[in-house]
Amino acid sequence: MKLWQKHFETDKMIEKFTIGTDRETDIFLAPYDILASLAHAHMITSIGLLSQEELKAIRKELLLMYQQIKNGTFSIEPPLEDIHSKIEFVLTQKLGETGKKIHSGRSRNDQVLTALKLYIRAEIRQITHLVHQLFEVLLERAQSFQDVLMPGYTHLQVAMPSSFGLWFSAYAESLTDDLLVMQAAYRVANQNPLGSAAGYGTSFPLNRQMTTELLGFETMNYNVINAQFTRGKTEKILGFALNSIASTLSRLAMDICLYSGANYNFWKLPDELTTGSSIMPHKKNPDVFELIRGKCNQITAFSNEVSLIMNNLPSGYHREMQIIKQPLINAITQLKDCLEMTLYAIPRLEINRRAIESDCYRYMFSVELVHEFVKKGLSFRDAYQKVSQLIENQEYEEIKTIHHTHEGSIGNLCLEKIREKIDRIITDFQFHIAISAEEKLTLEN
Amino acid sequence: MKLWQKHFETDKMIEKFTIGTDRETDIFLAPYDILASLAHAHMITSIGLLSQEELKAIRKELLLMYQQIKNGTFSIEPPLEDIHSKIEFVLTQKLGETGKKIHSGRSRNDQVLTALKLYIRAEIRQITHLVHQLFEVLLERAQSFQDVLMPGYTHLQVAMPSSFGLWFSAYAESLTDDLLVMQAAYRVANQNPLGSAAGYGTSFPLNRQMTTELLGFETMNYNVINAQFTRGKTEKILGFALNSIASTLSRLAMDICLYSGANYNFWKLPDELTTGSSIMPHKKNPDVFELIRGKCNQITAFSNEVSLIMNNLPSGYHREMQIIKQPLINAITQLKDCLEMTLYAIPRLEINRRAIESDCYRYMFSVELVHEFVKKGLSFRDAYQKVSQLIENQEYEEIKTIHHTHEGSIGNLCLEKIREKIDRIITDFQFHIAISAEEKLTLEN
Amino acid sequence: MKLWQKHFETDKMIEKFTIGTDRETDIFLAPYDILASLAHAHMITSIGLLSQEELKAIRKELLLMYQQIKNGTFSIEPPLEDIHSKIEFVLTQKLGETGKKIHSGRSRNDQVLTALKLYIRAEIRQITHLVHQLFEVLLERAQSFQDVLMPGYTHLQVAMPSSFGLWFSAYAESLTDDLLVMQAAYRVANQNPLGSAAGYGTSFPLNRQMTTELLGFETMNYNVINAQFTRGKTEKILGFALNSIASTLSRLAMDICLYSGANYNFWKLPDELTTGSSIMPHKKNPDVFELIRGKCNQITAFSNEVSLIMNNLPSGYHREMQIIKQPLINAITQLKDCLEMTLYAIPRLEINRRAIESDCYRYMFSVELVHEFVKKGLSFRDAYQKVSQLIENQEYEEIKTIHHTHEGSIGNLCLEKIREKIDRIITDFQFHIAISAEEKLTLEN
Amino acid sequence: MKLWQKHFETDKMIEKFTIGTDRETDIFLAPYDILASLAHAHMITSIGLLSQEELKAIRKELLLMYQQIKNGTFSIEPPLEDIHSKIEFVLTQKLGETGKKIHSGRSRNDQVLTALKLYIRAEIRQITHLVHQLFEVLLERAQSFQDVLMPGYTHLQVAMPSSFGLWFSAYAESLTDDLLVMQAAYRVANQNPLGSAAGYGTSFPLNRQMTTELLGFETMNYNVINAQFTRGKTEKILGFALNSIASTLSRLAMDICLYSGANYNFWKLPDELTTGSSIMPHKKNPDVFELIRGKCNQITAFSNEVSLIMNNLPSGYHREMQIIKQPLINAITQLKDCLEMTLYAIPRLEINRRAIESDCYRYMFSVELVHEFVKKGLSFRDAYQKVSQLIENQEYEEIKTIHHTHEGSIGNLCLEKIREKIDRIITDFQFHIAISAEEKLTLEN
């Protein structure tokens, strides 16, 4: 049964082609479509399109479905094609004419868009929470290993002394930048499109400010054409933020894979995070981190995919915007999986405290010697030449100590300063506004 | 004879390969490398690596170069390979040993990175300013044409009545979302990496807080490894913001091209914005907007290009990060050109106030009739069926009036509300902090 | 409590993370893993690692599974993690020690790779067949409408007279170029990697020429490291070919959507290929073609996704190469769906034979007039100026006839020449070699 | 002076915006526009639009410019905007009315397209030649080091014994697959679009078969709309081939960078291919190979850039197709530079014949032991268990010999078989046809 059902019978093949994976993806959107429907019902009651009794009846049924969704007992069965027709079907079946009225003053377009934005808002909250947890785990590890030296590389070549503390906290601070991008995505998503109808508004005297407040949105997409512009765009901007976090995770995973190799031996992975080889008895492969690396790289493809779909489309809704839902949900789910796996794995990395002792690292402290000469009055260039000469003449004597004191260096990790950064960003999200609005809307009374 | 054995010696070939376009790109970075060098000079004076006299001498030479850059009389000639060697060369030539000392406590890596971030910061300011101007132009046009109806399309099919006021202000509001992404890019860029050396810090007792303040950065990249992480990452995140703005412009351009066609005739482009055909005497082609569309789409490729270069590189500096400079500068320059051209063109669009009168738009007001029936008590579904029936039976009588009153609809564009959005975002950038720091640093005294 | 400490134990979580969708994707690979196993079994029999009796027993079980796969009664149940462990499990369960021996002389890596290449080879055959069918449908339509004029556009502006015959056959010929790319993909895929083990070969005296012939490969990936290089690379190159075809389909779909609009009215889509609007009773939306356009654009993202995963990985197998399977299978399946839908839809397009009569096309024949003047002796430039003048002075008199005779023009479509192109390409694939090898290998005797 | 110049003066800014880099890029296209003009001139003479005397005069001037281009004395000065207006300007200046006639029967669109295809055809020839040379260098090195073992890695972990011979020839064979994609690109490009005019043909009785033969094209783009489809498409398909080769080079470069590190020490780079560090006296950075890696990764972005520009554009020429020229020429030039640099560097890699002796590689031969047990009658699984046990109990005794004999393994590199592959592909290109046609066309007589 389809809303637009006219006089013909749709061929099965076409139905399969057009519905695609909507029944599966829409389960993710289901609770948010209920929330938006609740707000819409309240608002159209306020402008006289629903009576208080009708509102009450509709609320009851919507909240019932909301419970089923939370309990996992909700599903979208054929011939219903998506979450929106399912809700309408249930309401009409239960409430007759009253059930049909929920559609007054909204279109399928703004309905889907609102559910999508509420879904994205909630997922950003979850992802940000996971990132925050990972940040704390990394900082804790940085603290624990702040005194343990580790070789530092540039150009894939041995460069200068680093430390495990420095390495762990580098990734922690990197995540704070990623959250700045996520915050932009949140603010873009956290605007109410409900009431924009199919992109050209409606002659009903809607009160869009009311639904904006009921749903806890920061503001609304005022212009109704612009509300439709946010379709595809919101997903792409979220894709940017997912890309940012994913890139950080992927690089972390690359480091872990590379430096777990026998040639470096910086750390060992516990058995449950490695896999054996089918033909090499001695092998332990870092499959979990290879998969984190690859899955995160895959996430960096998502926003480009959106551009390839959206570029050159003129204004106005286009049907294929719907197919962005599937890769969006995949990217979100995959990133959460990778964050959880990293959270699990990081505390289990077995650090080799003697990694730096290998003979490979003979000249790694040479720059320290340069600095010693500079402190004694040579210009940097001359000190550099002198040490180069010593190395070439094999007169270089190894130093193995290091005295870095400036902000962010091995001897002064500034972990608290870095924590202040993330704390401020998390506060700025103001997640509580959305949470309490959603709670209030679904409060049974 | 091998193909690569040409007229020049091997080292020339290798030099050409490694230097690439650095001499050209670095002109863009030049003023920012001076700024960073000034701050660094002050700071190392404060920790005793330079005397006040040396500082004074170095400042003088740096400010002289700064003036030359502003005047366009500065260049980087072979054999100097980039802006950094040029500055060092001039200082050493003029000041001898003193000139060499500027390199104490910093590495080429953090030097380039700092210049790059200052450059990006300044460009973001310029782009944001252009976007703001375009916003105002669009809003002014929306105001002027708020009462002129225009057909609205969905699925590329005639859908519902829209208006020129709605169309212009939609793009204005869309730009506010783009600026949210730009703000994230600004905050990511606006952090001081100076003092991170090659990514592992230094044994000099640098005062990084001091350079942070001197350069007007919001905060610093504390962790020195993380400071290096921002290479490639800052560019990519800026790429996200450029992508966002470019996508909005590209879609605007697509609308303008499409709807200037004879089949729509919504507007005419002035002659200077069109080009004739070499074989068709009647043709006026919207070349300028086609190029805006294409160049903006090209900009959406930039962040993916960065990912293709950076993905799977482990931590630590890698040489190819340098080659990101060229496409970065191109994308920035190209976007500014497109913004300027759009700014020029939008006020010159000649609107056809009678576009809506074509016979194509016969049924476009049918949803208004549905709403009339709903207001008279029918459920939306029944009203919809009734109007469908009228259309099918050819009993549908055309309405041509429209009464939309809700926020963001044709009758209530909320232009002031939309302006409030952008005003708040512009304020939040706090551009004045960077501006005044840079002015103070280059003040001759 | 951490988010990732849910209802299941850690190893379940890790298992879920590492297995991913392998159980579903591997159903696609299943028949090909059987084929490769059959060839491997024959070959290791020939070098004495299996007896004839063991071979016979193994063949019997493999062919039984092959039948189950064809019948749709085959599945991969937990705890088995993929098709390869499933096959090994069944063989061992049925045949004990004998079953285990199938693994001699091969690794999981070359086993997967071989199945993947056989799968790709078969899919290329199917896709090429669908493209060929679509080619024929387009050519048939071109023939039927070769005399019906249609406006031709450049720069989205009315340009010159075209014809439906020209339009249909343009897409047909375009597909021939796409098949050239597909042929390259076929030749890259059609090389035997079996025997390369984990990328470094094996000390067993394998006869790789024998498996190459048994499986009907054109040649083998000789170098065992290179055989591993083809992982990811084969998928990407296939992605190029999918991209090519998808781009052609997507553009076709864009044309159909755009020109079905009321402003053009070149054709109507039958009801079953359109969808109604939930709020606009008069709307018929070309959803099917919008989805073809979007899904095909999505396919153009696949090869970039592979690059984002693979770039910068050094030589040797990496675990995440496995995750390319899922988007590969999606892209293939999606393209086949789009091809089938286009095949269904093209013959159902209802052409408007009077499309060209609209007043919009007044000047469209002006270039014909220019040519008339040229034929009378004016230079092109002067004739062009003269016609421009006539148009400007409103003295231009409309021509509505057209006499194009050269190859590929409206009056001379060269359909047979275009058909010769595709026939030659199809022949060059030499699909029969692979087909007959596979048939022979699975022949029960 | 512009062909389409009408009655107004184009604003400088607009001119700069629309012309872009055409004057620079078109120098690359210049010789090919001459070739196409020569062929066109001959053909229109054959249909009576030029007299033999006019043809002779035009030929003379075109050949003169051709010589200037070859000598590097040709340039495109403002106000001429591109190569096409330059040629027309010169001919008109020298020959008056006769010079103008060259434009009869062609449009700017098919003129550009033909030049572009001839340019691409020539560049493919050069790139293929460079790839062939690199292939030979790699094979020569493989031969020289066929007996020197090298550790083999999978999952970035020590895996099994490999050899330098195997490693070098792996990249050689990999290039043969890349050339298959290049061959598809060649066949797509090697089709004549001349005569398609602006995409809708012309009423002149052109003889397109004649220009096809004169220019040595394999066939023609018959359908004139399809000829325009090849704009953007030809570049993208070439982009696929560039991507393929670039990916192979990039991976080679990654191997070289990684394994030149102190932890591996497989080879040393000569001094001229490394760069020192500005702060670390002991460092030698593999800048050249890092840049090859990065530049090649950048090339993998090109085809996606084309898709982002072209996706969703309906049929017919669009102005932005012109801006693809610049990144196309960059990608081609950059790949040639990278190929030449690799050609230079590979023979200079100083191989460490004792790389395998490090203690890291203790268990690397364990799979050989497994195979020994299998050959003695154990099943693979049991042998594997047994060796695992030995390793765990520290009873494993190191083997250091290896006896691989099958095709493509360490002991049997099949270099001649691999050479046969490339020889066949090079032959199939049939480059001589284009070369001799071009020579014939430019032969002064």
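Think of it as A, B, C and D in the order they're written, each chain with its own count starting at 1.
The criterion applied here is as follows: contacts are C-beta pairs under 8 Å (C-beta built on N, C-alpha and C of every residue); 3 or more make two chains touch, one makes a residue touch a chain.
Computed from a predicted structure; not experimentally measured.
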> Stepping chain to touching chain, what's the minimum from chain B to chain D?
Replying inline: 1
> Between C-D and B-C, which chain pair is linked by more C-beta pairs in contact?
Replying inline: C-D
>> Centroid of chain A to centroid of chain C, CA atoms only: how many Å?
In response: 32
> Whole-Å distance, chain B centre to chain C centre, using C-alpha means?
Replying inline: 37
> Per the centroid of Cα atoms for each chain, what is the distance between chain C and chain D, given in Å?
Replying inline: 24
> Considering chain B alone, which of its residues make contact with at least two other chains?
Replying inline: 103, 153-156, 159-160, 198, 258, 277, 279-280, 285-287, 290, 293, 297, 300, 304, 307-309, 311-313, 318-319, 367, 388
> Within the complex, which stretch of chain C touches chain D?
Replying inline: 49, 97, 100-101, 103-104, 109, 152-156, 159-162, 166-167, 169-174, 177, 180-181, 183-184, 187-188, 195-196, 198-209, 219-227, 229-230, 233, 236-237, 240, 243-244, 247-248, 250-251, 254-255, 258-259, 293, 297, 300, 303-304, 307, 310-319, 367-368, 371, 374, 379-382, 388, 402-410, 413-414, 417-418, 421
>> Touching residues of chain B toward chain C in the complex: what are they?
In response: 153-160, 257-258, 260-264, 277, 279-287, 290, 304, 307-309, 311-313, 358, 360-361, 363-364, 366-367, 370, 384, 387-388, 391
> For chain D, which residues count as touching chain B in their complex?
Replying inline: 3-8, 10-11, 13-14, 17-18, 20, 103, 107-108, 126, 129-130, 133, 197-198, 272-273, 275, 277-280, 285-288, 290-291, 293-295, 297-298, 300-301, 304-305, 308-309, 318-321, 323, 327, 337, 340-341, 343-344
